[in-house]
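Structures for review follow.
In what comes next, chain A is part of two complexes: it sits with chain B in the first one and with chain C in the second one.
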Partner chain A sequence: MLRNYIKIAWKVLGRNKFFTFVSLFGISFTLAVLIVVISLLDNMLQPSYPEPDRDRTLYVNRVRMQNAEKTSTSISSAGFYFLNEYVKELKTPEKIGIISNGTTTNTFVKNRKLQLELKYTDDVIWEIYDHDFVEGKAYNAANIANNDYVAVITEETRDDYFGENQQVVGQTIVTDNTAYRVIGVVKNIPNMPPDPAADIFVPYNTSKLDLTQRQFLGGYTALLLAPTKDQMEEVQEEFQAMVSKIEVPADQHLSVLEAWAFSQKELISQLASRNADDNAVLIFFSILIGGMLLFMLLPTLNLVNINVSRIMERASEIGVRKAFGATSNTLAIQFIVENIILTLIGGLIGLGLAFLILQLIQNMNMLAYTQFTINLKVFLIAILLCVFFGFLSGVLPAIRMSRMQIVNAIKGEIK
Partner chain B sequence: MIHLQNVEKVYQTKTIETVALNNINLEVGKSEFVSVMGPSGCGKSTMLNIMGLLDLPSDGKVMIDGQTFEAYSDKALAQFRNQTLGFIFQSYHLINDLSVIDNVELPLLYRNVNRKERKRLASEALEKVGLGNRMKHFPTQLSGGQKQRVAIARAIVGKPKIILADEPTGNLDSVMGNEVMDILLKLNEIDDTTIVMVTHDETMARKTHRLVRLFDGTQVN
Partner chain C sequence: MIRHLFLIIWNQKRRNFGLILEIFFSFLVLFAVLTFIIDKYNYYRQPLGFEYQNVWSIYQDTKGAPKEEVFATQEQIRNALKSFPEIIDFTFTNSNIPYGSSRSITSLKKGDKEIDADIFTVDEHFASTLGMSLSEGRWFNESDRAAGYKPVIINGVFKEEAFGDEPAAGQMVEDYNDNPLKIIGVVDQYKYRGEFVKPFAGFFQRVDTTFAVRSLLLHVRSNADAKFEERLNKRLDQIASNWSFEINYLDEMRKSTLRETKIPMLIFIIISAFLVFNVALGLFGVLWYNINKRKQEIGIRRAMGASKSGIGRQFVGEVLVISTLSLALGTFFAVQFPLLKVFSVQAGVYFLSIVVSAILIYLIAFTCSLYPSVQAAKLQPAVALHDE
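On to the complex of A and B.
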């Protein structure tokens, strides 16, 4: 039976090539865009280089301070003081690392200006991140204690600053008017959120800022590594309990402190919504799924329309099938299956298109060093989308078809 | 085999009521070959459709092979048509997207017959109508006479007790028409199939056992 459906579906596709082109174009374009979105999201959510434990890491990257009347608000990343004095004292995380936001610094190589993104970190960051070192190693607690001006740079920085594939450990790199001794070189890092990327990493205490100031707001993020995924909530609870106990000195204008330790999912949701709402994840994913459905609506309506006119073409076939024993249900299923086959073909083209789009994004360095893959999960979601899409656009015409009176259908009259 | 009792068919629109069949009483016996004649629009096809359970009468009783159908569901009706009835239409109504053999297999598809058996039965039916060599062809590659023979093969492949033919020779020249008629006569004689055939052709009608005439929806003989 299925073989017969496939045979008919194939023939129907070939019958009106323009209709088929319009349907397939709509389906494949829509699915391609959806697959790209899912793939990007998947890439952000899944552990990937250099964060193998992204799925059990919490990010303290947002602090909100308000005055007592809540008429004045300031939101930014966390201050070093807050992270170092309070967050570092948490007991439930396995590891706690600190990393600054990127700062663009200027350096000059052979009369050529080079802009490098610099991040200040502590030594624990290197234990949370798992970079591939092509040369040397990371700085450790001893380097920080000694106030060593050392740096870990990426392959790209090495190639730009020293020349391609040079051995550079031990050499000096000067940026932001500060000289650092290169201690390690890592493979290039993708700059997808939560953005672990930089061109050069240096110890936090080499910063020119006074880190001892009692500041809650600032340009730093703490990474809290929970022992297991299930214990992330526990870490968040301890974090909130700690925040609630902090007494901000009364002399500060903004004295009401709020801070959050976000999971990666919550972090991405924050990208879309500016307020640190508890429901941000729900809202974000609702908007995302709603948007996806809305995006699918137009080609679905188009396909419904095309399907209805195709049914009119096939009225006599439907009449004959009914006369020879097909029930309304069998015919409705046949039509839905045919439609799902059409969408699956569109889906395969869409998958190919998505692959090309992702390659393009990758090659254009829009998101540098990100390795996009259409993995099994994305592929399965894509197939599921196709089937859903095929079902959605086939049901209405199928119902209409199954209600046709045999006598009218055989005569080619639609009623 | 077929029993129509006081059958009426009325088509109603907002402004007009058209009586297509008026008090038809007809009995067709087992293995009988009956032809139905009458001018265009006299209700021949409507009567055939009612016999074939493709359309419902407005009033009266229809009994086929001892069954009445008031309580039948869509599924039960479809099953009954599939097992007991075969249809031949004036304009063949083959599915152009399917090959000859796939067209002939159609009734078996809805009977859960496996593929191998379907192929065997379909080629047997095609051999019977002399088209054993055209199985892989498509309807568009055949002449009118050949198409009608494929349609006959489709009608007989499930070995139905009754064949209802609506002007099966109407679109054919006399040579092809005679060929088709010979096949139907043989089916009736050899396989004991009950046949009701609507026709405009007096010569063809005379070859059957009995002739029923309709005029303005009423039986006249």
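On to the complex of A and C.
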């Protein structure tokens, strides 16, 4: 039976090419836009270079301090002291690494100015991240213990500073008026949130800051790697228990401390909502889904209108089928299936368009070094969207069609 | 005639309902996008109030050095900068510089009125470095150092909110601790957050010894290049080797600030253009189809003596009536925005946007109905009557 439906659908598509074009144009562009949005989001949520374990990593990048009356508030990333003294003591996480926010540093080479984003890290970060080293290796605990001024740079930094494809391990790079010995070169890093990217990474103790100060607020983030995905909540609970036990010295102006260990999903939602809201994930995803539905509204209406016109064309066919005993349900289902087939064809074109758009974004390097792939999950979501879209735009015309009176339908009139 | 058209539409209300709904939502999409664009363009047209060409910013990361040490080091920096011939003028300022990311807001009191305002902590050279001009009074100078009052300079929005059209120079306001502040000048515009951002009330106060400011703005000669920058950077490092200095160019900061508005604007325009184009195609198809279904009606009308242009006018008229109904519905929803003041957009912008959207919708509907109507008008009565 499905084969018959497909055959009929194919014939109907061929009958009025203008309508078919309009339908397919609307469907494919709509789905292309939705697929691009979903795949951008998927790219942020899924593990990707250089974070193979992003789905079991928690990020401590927000600390809030208030005074006792809660009239004065300060929110920022975490202080090194807080991460090093307290967060590093957590037992559940498999690994705990510390990385600073990027700071822009000036460097001058051959009478040209280069601005390099520099991040201070500990050695564990290199075990949590899995960079592709083109040359050399990362610095380790021994380098940090020796207070070595060593640096890991990206390919782009190497090309800009030393020249393309040079062997640079062992050479010196000067930035922010400090000289570092290059110890490793990694492939360029995408700067999608949570932003693991920088142009140059150096050990945390080469910072000019006094890291022993009792600072809870500062410019650092800790990455907590949970042993498994299921243990992420356990890590979060231990983290909160640890935070609640910290006693901030009373002489500090802001003495009420709150801190969070966010999963990647929570982190992205926080970026969008900008306040430490417990329901941020829910709010973010409802806005996202609501926005997508709103965007689909007009194309759906358009398709409904076209479909209502198109079934008039087939009034006599419907009349004959009814006269020979087809029930309203059979006809409605047939029409919906036909419509879903149409949206699936549109969806395939949309997938192709989305792929082209993503290639364009990638080639124009709008989001630095991000590699886009339309994976199976995005593909399945796209198919699901097509079916949903097809159903939505097919159901109303189908009901109207199936309710036609036989006499009118055979005469080709629709009231 | 028009009444007749309404009647035809009413008789076909179920068929036309879908079209009305579709045009209604297209109108809302156009309205939203146009409101956004007109609003931004209005702000863009207003003068910026300062020069960004050949201005560099230097952020001094003092790495938590105590205040006194910062002051002493900055005095050394000041003396060093004076020795560079490439630097025309420079100024020490708080970090809420033009096109920067930081903002600092406080509230001031004028009588019973409380006004939220940006607070800029700057020195005597700020206006000359940024090429700002005053519409009233004067900028800070050395005489303010010993004055018995705390001088401030307000911007145009602040003046408007606090004093309306009255001159503001010489007037007094109070800060949140009820300390009196004397207004010594007015700067009409200072859109430091960029061309597209709505001007906000703001005032300038003089740097004093209560806290150290971390930013520096330099007005350099146009021949200042990377070589000079490297020398400057080295010199700064000699003075304060523990600090970090971040040098940026205002014109590049401006570009990235403008991009933050331009890119969403472009995405909105592309997506809404697609939506409207899609709707136009659909409308065209549906109208064509509907008119083809009414050949008999056309035949009878032609046989009864209706002219070709009469037929064409009828069909175009019908579409315009459908559009009018959709627009009436759409306008009803659109006027709620200025009435309920949902966003901080001027009412005039909304109305302009409603008018422009309506014109666009009429244009689209007219264009889409033209071809099918002309086809309908061309029908020979004999052919039309023998449709079956």
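Before moving on, here are some points about what is shown:
FYI, the second predicted complex is superposed on the first by the 415 of 415 C-alpha atoms of A that agree within 3 Å, B and C clash if a C-alpha of one lies under 4 Å from a C-alpha of the other, contacts with A are read in each partner's own complex, and residues count from 1 in each chain.
Definition applied: a residue touches a chain if its C-beta (ideal position, glycine included) is under 8 Å from a C-beta of that chain, and two chains touch if they have at least 3 such contacts.
The structure presented is a predicted model; accordingly, all values stated were derived computationally and were not measured.
When the shared chain is aligned, chain B comes close enough to touch A:328, but chain C does not. With both structures placed on the common chain, the touch criterion links A:361 to neither chain B nor chain C. In the superposed model, A:242 makes contact with neither chain B nor chain C.
Of the two partner chains placed by superposition, only chain B is touched by A:12; chain C is not. In the superposition on chain A, A:256 makes contact with neither chain B nor chain C. Once the two complexes are laid over each other on the shared chain, residue contacts for A:353 go to neither chain B nor chain C.
The partner that reaches more residues of chain A, of the two candidates chain B and chain C, is C.
By the document's definition of touching, of the two partners only chain B reaches A:316; chain C does not. Of the two partner chains placed by superposition, only chain C is touched by A:29; chain B is not.
Once the two complexes are overlaid on the shared chain, A:208 sits against chain C while remaining clear of chain B. Here chain A touches chain C in the complex through residues 18-19, 21-22, 25-26, 29-30, 33, 103-106, 108, 111-113, 176-177, 208-210, 213, 295, 297-299, 301-306, 308-309, 312-313, going by the rule given at the top. On the chain B side of its complex with chain A, the touching residues are 49, 52, 54-55, 74-75, 78-79, 81-83, 87, 89, 93, 95, 97-98, 102, 106-107, 109-111, 115, 154.
Looking at the complex, you find that chain A touches chain B at residues 1, 3-4, 7-8, 11-12, 15, 316-317, 319-330, 405-407, 410. Residues 15, 18-19, 21-22, 25-26, 29, 61, 63-64, 225-227, 229-230, 233-234, 237, 241-248, 271, 274-275, 278-279, 281-286, 288-290, 293 of chain C are the ones that touch chain A when the two sit in their complex.
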